[in-house]
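Structure, as C-alpha cells:
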Amino acid sequence: MNALYQIFIEPFIFMGEAPDLLIQTIWEGFVSGILYALIALGFVLIFKASGVFNFAQGIMVVFAALTLVGFYSMGIPAIISLILAIGVMFLLAVTVERVVLRPLVNQPDIILFMATFGITYFLIGLGEFIFGGEPKVMITSQLYLPEGRTNFDILGGFVTIQHIDVAAAVIAIIMIAVLGIFFSKTRIGRALRAVADSHKAALSVGISLNQIWVIVWFAAGIVALVTGIMWGARSDVSFALQIIALKALPVLILGGFTSIPGAIVGGLIIGIGEKIGEFYWGPLLGGGIETWLAYVIALIFLMFRPQGLFGEKIIERV
Amino acid sequence: MIYRESGQYKTSYSADMAVFPLRQDRIGIFVIIALAYSMAFFGSNFMLQAVLIPFLIFSLAAMGLNLMVGYAGLLSLGTGAFMGVGAYACYKLMTIFPGVNVIVWILASGFFSAAIGVFFGLPSLRIKGFYLAVATLAAQFFLQWSFNRIPWLYNYNVSGAIEAPLRTLFGVPIVGPTATPEVRYVIVLTLVIFLTWIASNIVHGRVGRQWMAIRDMDIAAELMGIKLLQTKLLAFAVSSYYCGVAGAMMVFLWYGGAEYNVFNINQSFLILFMVIIGGLGSLIGSFLGAGLIFMLPIAMGIVLPAIFGPLGIRVGAETIEHLRFMILGALIIFFLIVEPHGLARLWQIAKQKLRVWPFPY
Amino acid sequence: MSANTTSAHSFATDAEIEKAARAEAAGAVPVAATDPEVLLAVENVSLSFGGVKALADVSFDIRKGEIRAIIGPNGAGKTSMLNCINGFYHPTEGRITFKGETRRKMRPYEAAAGGIARTFQNVALFKGMSTLDNIMAGRSLKMKRGFFWQILGFGPAVAEEVEHRRFVEDIIDFLQIQAIRKTPVGKLPYGLQKRVELGRALAMEPELLLLDEPMAGMNLEEKEDMSRFILDVNQHFGTTIALIEHDMGVVMDLSDRVVVLEYGRKIADGTPSVVKSDQKVIDAYLGVPH
Amino acid sequence: MSFRNLTIGAVAAAVVASSAAVTPVVAQEGIYVPLLTYRTGAFAGSGIPIADGMNDYLTMLNERDGGIGGVRLIIEECETGYDTTRGVECYESVRANNPVVINPYSTGITLQLIPRAAVDRVPVLSMAYGLSASADGNVFPWVFNPPATYWDGASVFLKHAAEVEGGFENLRGKTIGLLHLDAPYGREPIPLLEAMAAEYGFTLRLYPVAGQDMQNQGSVWLNVRRDRPDWIYLQGWGAMNPTAVREAVRTNFPIDRLVGVWWAGGDEDARAGGAAAAGYKSLNFHGAGADYGVIEDIITHVHDKGLSRFPRDRVGDNLYNRGIYNSMLVAEAIRTAQEITGKTVVNGEDVRRGLENLNVTEERLAEMGMEGFAAPLQVTCADHSGHHAVHVAQWDGERWTQLTDWLEPMTEQVRPLIEEAAASYAAGNPGWPERSEPCDN
C-alpha cells in the first residue's frame, strides 16, 4: 500500500509542489534528448543509405570533438581547426568506405555491424594516441557559441537555462531541416533515397554506391562533429562520453532505423523519460536508474512494436 | 608426412561422427591436455596466475558467447553482466552455505545466470540482429546497476566489493588469498576441459544442428518443426551458463575479489571480439581468440619497448594501451574481411594443407 | 518449352497412363473435407496484407497419394497458398482441414509435426552446414532424446543419432548425393542444392510434401532427374505431393490434378487435360486483358 | 589465397610474439618500484599529474643521489585505467619482478590487493586512500594509508563546517550531502558520516554518481536542488570533479560550502567552474605551488634534462605535488628499511618494516627541501595511518591557497570505528591471518 503510494502518488504531488524543478527536469531531459537524437540521426543517415548499423557513431562524436579541440590546442585558430576537423571527418568517411565497406559489400548485416565495433575501437585508440587521454575543454567561446546561463525566477523557484543548450536545440533543428531539404530536393538526396530503397535499382540508374557511401558517412561525420561540439560544451570532451552515446541505440529502437522524425521523437522520449524517471522515481530504487532506464524502455517497447514508432510492419517472405 | 588419414577406415557411423575422426587428432589432443596439466609443475607463478588461468577463463567465457553468437546466431552484448550474475550468485551461495564445496557452487552459479539469460532472451522471438543486441545492452546495464545498488548481493560490505573467502578442497585451500596458483590452475583447467567436452557434445548433436539451422535460415527451420523460441532460449540458457561459470571462476579462482564494474560493457565487448577473431561457430576458435586477444597487451607491453627503447623512443604504458585499442579494432575489421571464420578457419586450412601435403591443392 | 514437354513425355509415358486412369476415377470436382480420401481441404481461404489481397476465396482439396499441381502466372498467390497450408501465413478468412481436423490458425510447428514438409522457391538451405547436417536437421522432429542426454558424449542420444544417420544415409543414396555428404551446401551448385533441399524435406517422412518450383532454373537433365525423384517419392513412399511449377510440360506429365490460380483467385481445377483446354487458363497464360 | 597466407603469417607472428612475451622481465640490480598509474580513460585528468609527480621525484633521486643509499631505483609504470580488473593484472605482472612496495592508486585495486599483500609479502602503500580500516596495523600488517584516512578527512570536513557554522551544536538540524563516486572509493566515508550524523544530529544525504555518468550529473544536482543541503562533501575523482564544480555553479550552490576531499583538489577540477568557482574548497595535506626546494631540484635534475613528461608550466599543480608527496613516502620507507636492515638492496619485507617505522621529522623535511610543503609524519605498528592533520585549501580562481591552519582529525571518534571495522573485516574473511610480523618500535 505504502509502496503504491510512493510509486503512484508521491512523485506527482512533488511535481505539483515544485513546478520549477519539474520544468528544469524536463528541460534537462529535452536537451540531452536533443543530443541523443543527433547521434541517432547519424545512425539513421548511414543505415538508410548503406544498410550498415553504425555502432561507431557514438565514438565518431567524441572523435570529431577531440580532433577539433586537439587541433586548436596545437595553436591553430578555432575556425581553421573546425575546417580541419571537417576535413578529417571526410578522410574518415573515405577510409571507412575503402577499407571497410567496399571489401565487406554483400556481407550479412551482422558482419558489417561487428565491423563497426572494429572502427569504434580503432578510433578510440587513434584519438587518444594522437591527442592524449585526459578530458579536454571544448573551445566554446572561440567558436562564437554562447556561454553562461540565465535564471528565470518563476513559480516560487528558478529555472536555469544554459545558453549553449538553447544554441544546441536551435542548431539541431536547423540541421534536421537542412537534411530534410537535402533528402527531398537535391539530386544526391534523391539518389540516397533510391539507394535506401534498393541497391540494385540505384545501380541500374547509374548511381555509384561507393560515392553514396562516402557522402553519407561524411554527412554522419559532420552531424557527429556538431553533436560533439554541443556535448563537449556541456561536459568535457573525453571518451567517457561513449557510454552515454550508446543511449542513441534505444532511441533508434523507438524511432525505427530509417526514420529521421523517428530519431528526433525517440530522442526526446528517451531523454525526457529517463530524466523524469531518475528524478522522481529513481530514489525509490536507490538512484542511478538513468544508466539503464532507456534500454529497458526500449526493451518493453520492442515487445509490442518491433518495427519502431514510424517503421512499417515487416512481412516475412519465403 | 605424419599427418595422414590414409589407412584409417571408418567402419561405423558413430566412428564417422566422432569429434576427432583422425587418430593423429586424438593423439594431439591428449598431448595438449597432458602438457596443459604439466604446466602446473613447470609454469612460473606469473605464467600460471597472469597468463594461463585468465586465458582459460576467458576461453570459457568466449566459448559461452560463441554458442550463442556463433552457433545460434544471436548477437549478445551482455556477456559481462551474465558473468557477473554467475560471480555474485556464487558469492551468495558460498557465504550462505559455507559447508558445501565451493566447486559445486561454481558450477551451480551458472544456473542462475542461465535463468537470467533466459529472461532477457525472451524478446529474441520477436526481434533479431541489432535489435536483439540492444535488448542485451539492457541486460548489461541493468544487471551491472543491480550488482552495485543491491547491497544484499555483496553482503552489505561497505566497500561494495566481494572478496573470496578461504575455501578448501581435501584441506588444500583452493579459493581465497592463500590458495596457490598451481592449485587454482589445476582446478580451472579441469573445469574448462570438462565444460568444453560438454559443449562439443551439444554442438555436434541435435541441439547444435538446430541452433545452426535457426542461425542460417530461421524460417525454413521453423517450417521444419524446430520451435524457434525454445531453441533460442536454450541457446541463451546454455550460453549464459557458460558465461556465469566463467564469471564465478574469474572472481574466485583468478582475482580473488571483484566489484561491480569488473563486469562492465568493455568486458562484454572484449569477449565478443575474442569470438569474432577466434572464429564464429567454432569451439577451438574460442580458445584461439581468447589467446590472441588476452596475450596481445602482455606481448606488446614487452615487445614494443624492447623494439623502440633502443631507438630512444619511450613507449609508455598508455601508448601501449592506445595501440592495443587500435590493433584490436584493426584485427577485427581485418578478420571480418579476410577470414570471417577467424583463426579457427586458418587452423583448419593449416591442417588441410598438412593433410594433402606434399600436394599443394 | 515444347522440347521439354516431349522429352518429359518420353520418360513418363507409362506413369502417364495409370495416372490418367486414377484421375478419371477421382473426377475433378472438389469433395467435402470429411471425405476420408481427402488429406487436405482448403475452403474459401482469403489472405490479405494491409490492402493487398494475395488470396481471395480459394477452395480446393488434395487427396491421399496424389500429385496435385498449383499453377498460375507470377503473383497469382501460389506461394502464399503454400505458406497458408503449412501455417506460415494465417488466412484472413476461410479454413484449412488437414487429416480431418480443421484449424484457422496453425503454427508452422504443428503443421510440420502433422506431417507437412516443404521446399522453397529460392533454396532455403542452412548454408553453413554440410549436406549431411542439413538432412539430419530434417529429422529434428523425430529425435526424442532430451537435452540432458545430449550433453553426455555417449548413451541413448548417441544411439539415436546413429539410428537416424542410417535413415538419412538411405535418403542420400536415394537422391544419389553420397559424394557431397560432407560439403557445406553453400558451396554446391544450384541443382544439387535443390536436391538436398528435397532430401531435407523427405527426412521428415512427410505425409504431404509441398514443392515450391522444384525445377526452377534447372537444365533439362536436372529437370528429368528431379521429375523422376518426385514420381519415385510419390509412388514408393506413397507421399502426397503438392507442387508449384511453371514448366507446363512437367506439370502435365507429373500431376494427377491441377488447380490454377490467377490474381489470388481459383480459375480452374481438374485433370491436366481438362485444365489445358480451359479457356480461362489459356487466357490467363496468354494474358488476355480483362 | 595469398591474402589468406598473409593472414596465417600475421597471426602466427602475433601468437609467437605473445608466447615469447609471457616470460617476465628479470629485475636487474636495483630497487624495483612499480607505479600503477592511469593516463587513459575518464580518470586520466587526475591520473596524469599524479603519475608524473611520482615519476619525477623518484627520477630526481636517481639523477641527484644515484638512487637511495647508492642503489638506483627501477621505476616502471603499469597502465590500469583506474580499472580494478586491469589493476590486478598489472599487480600480477609487476609482482614477478619482486617489487618493494605497491602503489595501487585506486581504492578498488587496493581492496583487491589487501588480502594478497600478506600472502605475497609485498607491502601496499595506499597513501590517503584505500580501506580506512587498514590503518589498524595489528589486523593489516602489510597495508599502509598515511598520512590520514578518508574517515579522518571526513571528520576534518565536519570540523571545518562546524567552525563556519559556529560550533558543532549548530550542525544539529542541518543537512549535509555526500556527493560521491559510486565505487568503493566514493563509499568509504559513509560509515563515519553516518556515525557523526547520529552524534551531532545533522541529516546525511547521499548523492552517488555512477562511473559512467560522471560527466552527466544533471539529475544528481536536481536532487541537490530539491534537498537544499547546507554543505556538500565531494568525494569524487577524475572527470567527476570538474563536472561537479561546474554543476554546482550552474545550480547556484554556495560554492564555499562545497568541500572536496583531497582527491577533489586538482587545479583542473576547480578551473572547470570558471571564475564563479573561486571559493571552492578542498582538503589537503601538502602545499601547492612550485616554490619549494624539492621542486627546484626536480626542475633542475628532471625537467631540464628532459626526463619529465609533465608540462613545465604546470609544475606545482596540486595533484603533481601529491605525486611527489607519495614518492617521498616511498623513498623514506626504503631509506628507513635500509637503516633498519643494514642492507642496501631491500625487498618487500624490509620495506614493510621501513613503512612501519616511518618517521618524517621537521628536520628531515628541511633536509629534503620540504619545509612548509608537508607536515611531519609518523607511522607505528599499531597505527598505519597516523591520522595526521590536514588543512582546508581554497581555490582563489587562479591557484590553491591554504585557508585554514592544520586541523587534527577527530581521532578519538575515528580510531574506535577503525578498530571495529578492522575486526569485522577480519571476522568477515574466515581464515584471516593473525599478525605474525614482529614489531620494531
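Note that the chains take the letters A, B, C and D in the order they are written out, and that residue 1 is the start of every chain.
Quick note on the criterion: a residue touches a chain if its C-beta (ideal position, glycine included) is under 8 Å from a C-beta of that chain, and two chains touch if they have at least 3 such contacts.
These figures come from a predicted structure and were not determined experimentally.
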Path length in the contact graph (subunit A to subunit D, fewest steps): 1
Contact-richer chain pair (by C-beta pairs counted) among B-C and A-B: A-B
Distance-maximising chain from subunit D - centres being C-alpha averages: C
CA centroid of subunit C to CA centroid of subunit D, Å: 74
Separation of subunit B from subunit C, taking each centre as the mean of its C-alpha atoms, in whole Å: 43
Between subunit A and subunit B, centroid-to-centroid distance (C-alpha), Å: 33
Approximate Å spacing (C-alpha centroids) for the pair subunit B, subunit D: 35
Residue list for subunit D, restricted to those that touch at least two other chains: 39-40, 44, 182, 210
Subunit B residues counted as touching two or more neighbouring chains: 145, 148, 219-220, 223, 318, 321-322
Residues within subunit C bordering two or more other chains: 88, 120, 124
Of all residues in subunit B, those that touch subunit A in their complex: 73, 75, 123, 126-127, 129-131, 133-135, 137-138, 141-142, 144-145, 148-149, 219-220, 223, 265, 269, 272-273, 276, 318-319, 321-333, 336-337, 340
In the complex with subunit C, residue positions of subunit B that touch it: 12-14, 17, 197-198, 200-202, 205-207, 209-210, 212-213, 215-217, 219-227, 234, 281
Complex contacts: residues of subunit D adjacent to subunit B: 3-4, 6-8, 10-11, 14-15, 17-25, 37-40, 44, 77-79, 81, 83-85, 88-89, 92-93, 95-96, 107-108, 111-112, 115-116, 118-119, 131, 182-184, 187-188, 190-191, 210-211, 309, 421, 428-431
Subunit B-touching residues of subunit A, taken from the complex the two chains share: 53, 99-100, 103-104, 107, 109-111, 113-115, 117-126, 128-129, 133, 243, 246, 249-250, 252-253, 285-289, 291-292, 295-296, 298-299, 302-303, 306, 316, 318
Contact footprint of subunit D on subunit B as seen in their complex: 44-47, 49-51, 54, 98, 145, 148, 155, 157-161, 163-166, 173, 176-178, 255-259, 261-262, 267, 291-292, 295-296, 298-303, 316-318, 320-322, 334-335, 338-339, 343, 346, 349-350
